[in-house]
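Below, each structure is written out as structure tokens.
In what follows, chain A forms one complex with chain B and a second complex with chain C.
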Partner chain A sequence: MPGTPGAAALDPRTKLVLLLLANLMLFLHAGAATQAIMTALFLLPLVAAGRRRMATRFAALYTVLAVAAMLDPESLGAPWLHVIPALAVGLGMMLPCLITGAYAVSTTTASAFVCAMRRMRVPESVVVPCVVVIRFFPTIAGDYRRIRETMALRGLVSGRFAALRHPMRMLEHVLVPLLMNAAFVAQDLSVAALTKGLGRSGVHTSRTTIRMRAVDWLFMLACAAPLALDTAGVIG
Partner chain B sequence: MSDSTAPRTTPENPPVASRGTRLQVPELISIGVFSALYFVMVCVATLVSTLFTGGFGSIFLPAIAALISGPVYMLSVARVGRFGGITVMGMVIGLFLFVSGHFILSFAASVVFPVAADLIARAGAYRGKAPLLVSYVVFSYGLTGPILPLWFMRDAYVASLEARGKDAAYIDGVFANINMGTFAASMTAILVCAAVGGLFGMRLMRKHLAKAGLA
Partner chain C sequence: MSVVDPVRVHGVSFRYANAAGAALHDVSLGVRAGECVVLCGASGCGKTTLTRVVNGLAPAFFHGDLDGSAVTCGVDAARGPVDRLTPLAGSVFQNPKTQYFNANTTDELAFPCENMGMPADEIGRRVADVARRFDVTGLLDRDAFRLSGGQRQRIAVAAATVLGPRLVVMDEPTGNLDAAAVDDMRRAVIRLKAEGVAVLIAEHRLAWLNGVADRYVLCERGRITREWDAGEFLAMPAGRVADLGLRATDLGPARSRVARLKASAPAVGGADDGALLRTEGLVVGYGGRSRRASPLRRRGRGERRDAFRRAIPDMALRRGEIVGLMGRNGAGKTTLVRTLTGLSRPLSGRILLDGAPARARGLMRVGFLVMQDVNQQLFADSVRGELSLGMDPSDGDLAARRERLLDDLDLADVADRHPMSLSGGQKQRVAIGSALMCGKGLIVLDEPTSGLDRPRMERVGALLRDLARRGAAVLVVTHDEELAAGWCDRVIGMSS
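== the complex of A and B ==
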């Protein structure tokens, strides 16, 4: 998880609030105007964090969906075309969640995430597995590549569409080594983590510090405002 | 696989239900490792489901995930084997689903069903075949969260049609074929796929992992 926590980065807790707001909007059936304003607001932090290309893609996708949602199949004389605008409306609703999710995942470092969870008093029995999940993803990717290389070497389920022709065999050949290794890695990680004092009770210190700043509060307010106005019926 | 040059000893089985009731750090780390694998399985399932069913991809996501992640679940239960393990695994999955932009109710579903699954597995002392299979089926329903927004989508489309001045009969006609039948099909698919996936997982455990001394 690369990311440069600098002046442009919001606090992880703010990102969580943004995710909640995006979900709330899905719940509340916000009107089209509100949805467009919120989507634009959610794209701002992505731009500020230097993810311009990602922001541009999301904006383009949202525009396409907004246009597709306006399609009127009746006037075209093809009722089955309802699939397209229905899909566009649905995806348009999901998109704010996906944008805030992509922002949270791509700009939060593992240590900032852990720090935020501890500050929010998440029990240690949830924090520890979460850290391990983040730490373990690259290992899975590496293992998978090596397993595929070995399988190709032995001529097992190789070729372009082999995985589609023998899905269950493919699954077995990939999953068994992955699981075996997972059991070993879990033990190695436990030894390493206990050596570093993860098992000790009491408050753990962290080199990463997180802080809610004025910009965090302002941005939360800015994002909550259109939703509140929509619920009050001012805009729609 | 990470460094296969050094011969490593088999990690010994964790003693089941000793040392009090709290989960210890090694167990939490095991849960994390298996949650990561399960999450990868969910991602694979999303991909497959989207390829097969197009935009409404997530409707069969839980079923496909249930079909392929049986081995992960079975090994995880065998390695942790203590009350709380399955629950924490579900919560971690739910948290990652939420953070990566899934609907927040997916978090609720991934707490409720895993707790039930944990209780069922405990009834068989985390060893009994039948309770384990049932617990896996129940656990698989924890993934129904991501498909819930489909219902909101339907409502939203109805609202958008109403806003454009279409009448109610017309709207009913549009949704004649998206109804409870789809929902029932999706739920039944989870049941069947979870049973098959769970049995597949147990078979893999017997065939490979038990021999290696891992389970």
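== the complex of A and C ==
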């Protein structure tokens, strides 16, 4: 039920803080132990929100990356294999950002996001474009599917590895109609939103109530602590 | 015209920025409280522009020069931001996919109230009230992306009405709807009138407004040329209505012809009767867990994507024949044509191509689907390039075939233009041309006449006939009874 978030749901603002923490961790090059602890913490709200499958996949991916990062090519006598641990370390550092991003996007409604942004006193000139972008995602997914289908019917580029075999052609064929269509959709959406008063000056309220609760503050602290300790040199 | 009339347009001329000619010349129109006025006329006659002047979108959003006076609900619509009109005039647009802003239907109804700054408890009260009045209580708190076009349009009307406006402006609200959904729209307009709301509708489909509309206004080349009250208009003979370029006001003859075409559908012959494509015990659908989780789509724990399956009575499609596929939204028409063109796999049963069982890849080679949104089917930077895209340029015959096809499809004049700069009908012909160039034997069209006026609808019909004459099997998915009655050789009805 929108408007009445379940006990497990975090406030959208908390989600943004988590995303920020994940990015900070990437920026500060946190140690492996901190990274592992934080990743585990970030997976908890996903599980709590019922996205167990997503959480399991992220966890599995992280484990694979962590193991691959420990690979020692020298001892295997194949120095060129260095590329694998290097990639694994890089991806491992980015994964927490992906996890928190996926959590924020997949568990928050557009109206809750808008409400959160307004509470944080973000100016309307930022809120409105953000709403439009959020509204766009599902449209683009559908458009992309239909464009690929037409390409298959016309025998243009199709098949599982088409994007790898003809990357430029693929890009052009997909991007041109996607952008053209986006322009039409953007106009329709703007018109509909304008007549409904999205751009009105004055106070905008929200049906969706969002509230920072104890669990939000606690979880934020729990996630910030390892990073702080890492930076202070206690762990890492 | 009284001072309090919701719509008072006087001597308005409007020219879009960057356009050569004026879209409206010296137009005057009034709509009284509780009155329903229908703007009719060919595409491009200015009726959409007039609705935009009334709801303030032109010139505030669609820039241009406006002369004359347009006063909507006492507010000068030609000056100032559009949103001054938000609480006074609601708007409903043609495309159900792009006019709602929230993924959740209740959020969509609450959206105008939120923008007006109402407290949460009043928003709740208003949403519940408007949902009850427009009979959409059962659609509350649903994912708008999974509603049918008709359901979305009912939400759109409720959202346009939630602030209690004095006027509702509709621009082709039934463009994409099936007959039952059109009936729902009719009920909504009756409700609005009963509540004293003025309703201004720009529309091609006219029959659903019989008994609802009070006045009909004909636009031609940016001018209002005729006006009738409902009695006079409905008394006009069908031939006279057709001469004006308008869709039928009485769908009775078209409906009975469609019924005959459905009844006369021949029994499916043996395997060797020369049919291009035939189905045997086909079951189409989809089901199971969705692997594509899209953002902002709430899905509960372990919830499954709605599974769907539909058994299809055996059918055959022959070369040279136009077959209509009709039925309610959600009856599985789209899934069926996707299966016939190889884009989806059948759940069971088989599809025979020239008598031999075919797999998806084979069907994909033979069939082509002209989608409702043709914009997604055009890739090249010129019409000529589009037709020969992806083909072997060393084929000497190619250029000759392409030029012949450009002529046949009446595209020679625009051969060097960018496909996206063309009109809807031209884009449709380019997409069909690209299919013919690939040598497709089965051309499937999904709602090719939605939102088209009579002359354009008839042109699509003639194009279908031409395709059939060239030896293609043509299958057209449509809600348009006039198209089906006029041009289909057979109609397959799908019930849900």
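The rule is simple: the second predicted complex is superposed on the first by the 177 of 236 C-alpha atoms of A that agree within 3 Å, B and C clash if a C-alpha of one lies under 4 Å from a C-alpha of the other, contacts with A are read in each partner's own complex, and residues count from 1 in each chain.
One rule holds for everything that comes next: a contact is a pair of C-beta atoms (placed from the backbone, for glycine too) under 8 Å apart; a residue touches a chain by one contact, two chains touch by 3 or more.
Keep in mind that this is a model prediction, so the values were computed, not measured.
Of the two partner chains placed around the shared chain by superposition, chain B and chain C are both touched by A:Met180. Residue contacts after overlaying the shared chain place A:Thr209 against chain C, while chain B stays out of touching range. Once the two complexes are overlaid on the shared chain, A:Met120 sits clear of chain B and of chain C alike.
Contacts of A:Val131 after superposition on the shared chain: both chain B and chain C are touched.
Contacts of A:Ala69 after superposition on the shared chain: chain B is touched, whereas chain C is not. In the superposition on chain A, contact is made by A:Thr109 with chain C only, not with chain B. In the superposition on chain A, A:Met93 makes contact with chain B only, while chain C stays out of contact range. With both structures placed on the common chain, the touch criterion links A:Ala193 to chain B and to chain C. Once chain A of one complex is fitted onto chain A of the other, the partner contacts of A:Leu171 are limited to chain B, with no touch recorded for chain C. Residue overlap on chain A between its contacts with chain B in one complex and with chain C in the other: 105, 131, 135, 137, 139, 143, 146-147, 172, 176-177, 180-181, 184-185, 189-190, 193-194, 198-199.
Those residues of chain A that touch chain B in the complex are listed here as 16, 19-20, 22-23, 26-27, 29, 32, 69, 72, 79, 82-83, 85-87, 89-91, 93-94, 97-102, 104-105, 124-126, 128-133, 135-137, 139-140, 142-143, 146-147, 168, 171-172, 175-187, 189-190, 193-194, 198-199.
Those residues of chain A that touch chain C in the complex are listed here as 1-2, 50, 52, 54, 105-111, 131, 134-135, 137-139, 141, 143, 146-147, 149-157, 172-173, 176-177, 180-181, 184-185, 188-200, 202-209.
Interface residues of chain B, counted against chain A in their complex, comprise 1-2, 8, 11, 22-26, 28-37, 39-40, 55-56, 68, 71-72, 75, 79, 84, 88-89, 91-92, 95-96, 98-104, 149-150, 152-157, 159-160, 164, 174, 200, 204, 208-209, 212, 214.
Taken together, the chain C residues at the contact with chain A in this complex read 55-57, 60-61, 81-83, 85-87, 89-91, 93, 95, 97-104, 106-107, 110-120, 123-124, 127, 141, 145, 159-160, 292-298, 300-302, 341-343, 364-365, 367-369, 371, 373, 375-379, 389-390, 420, 434-435, 438.
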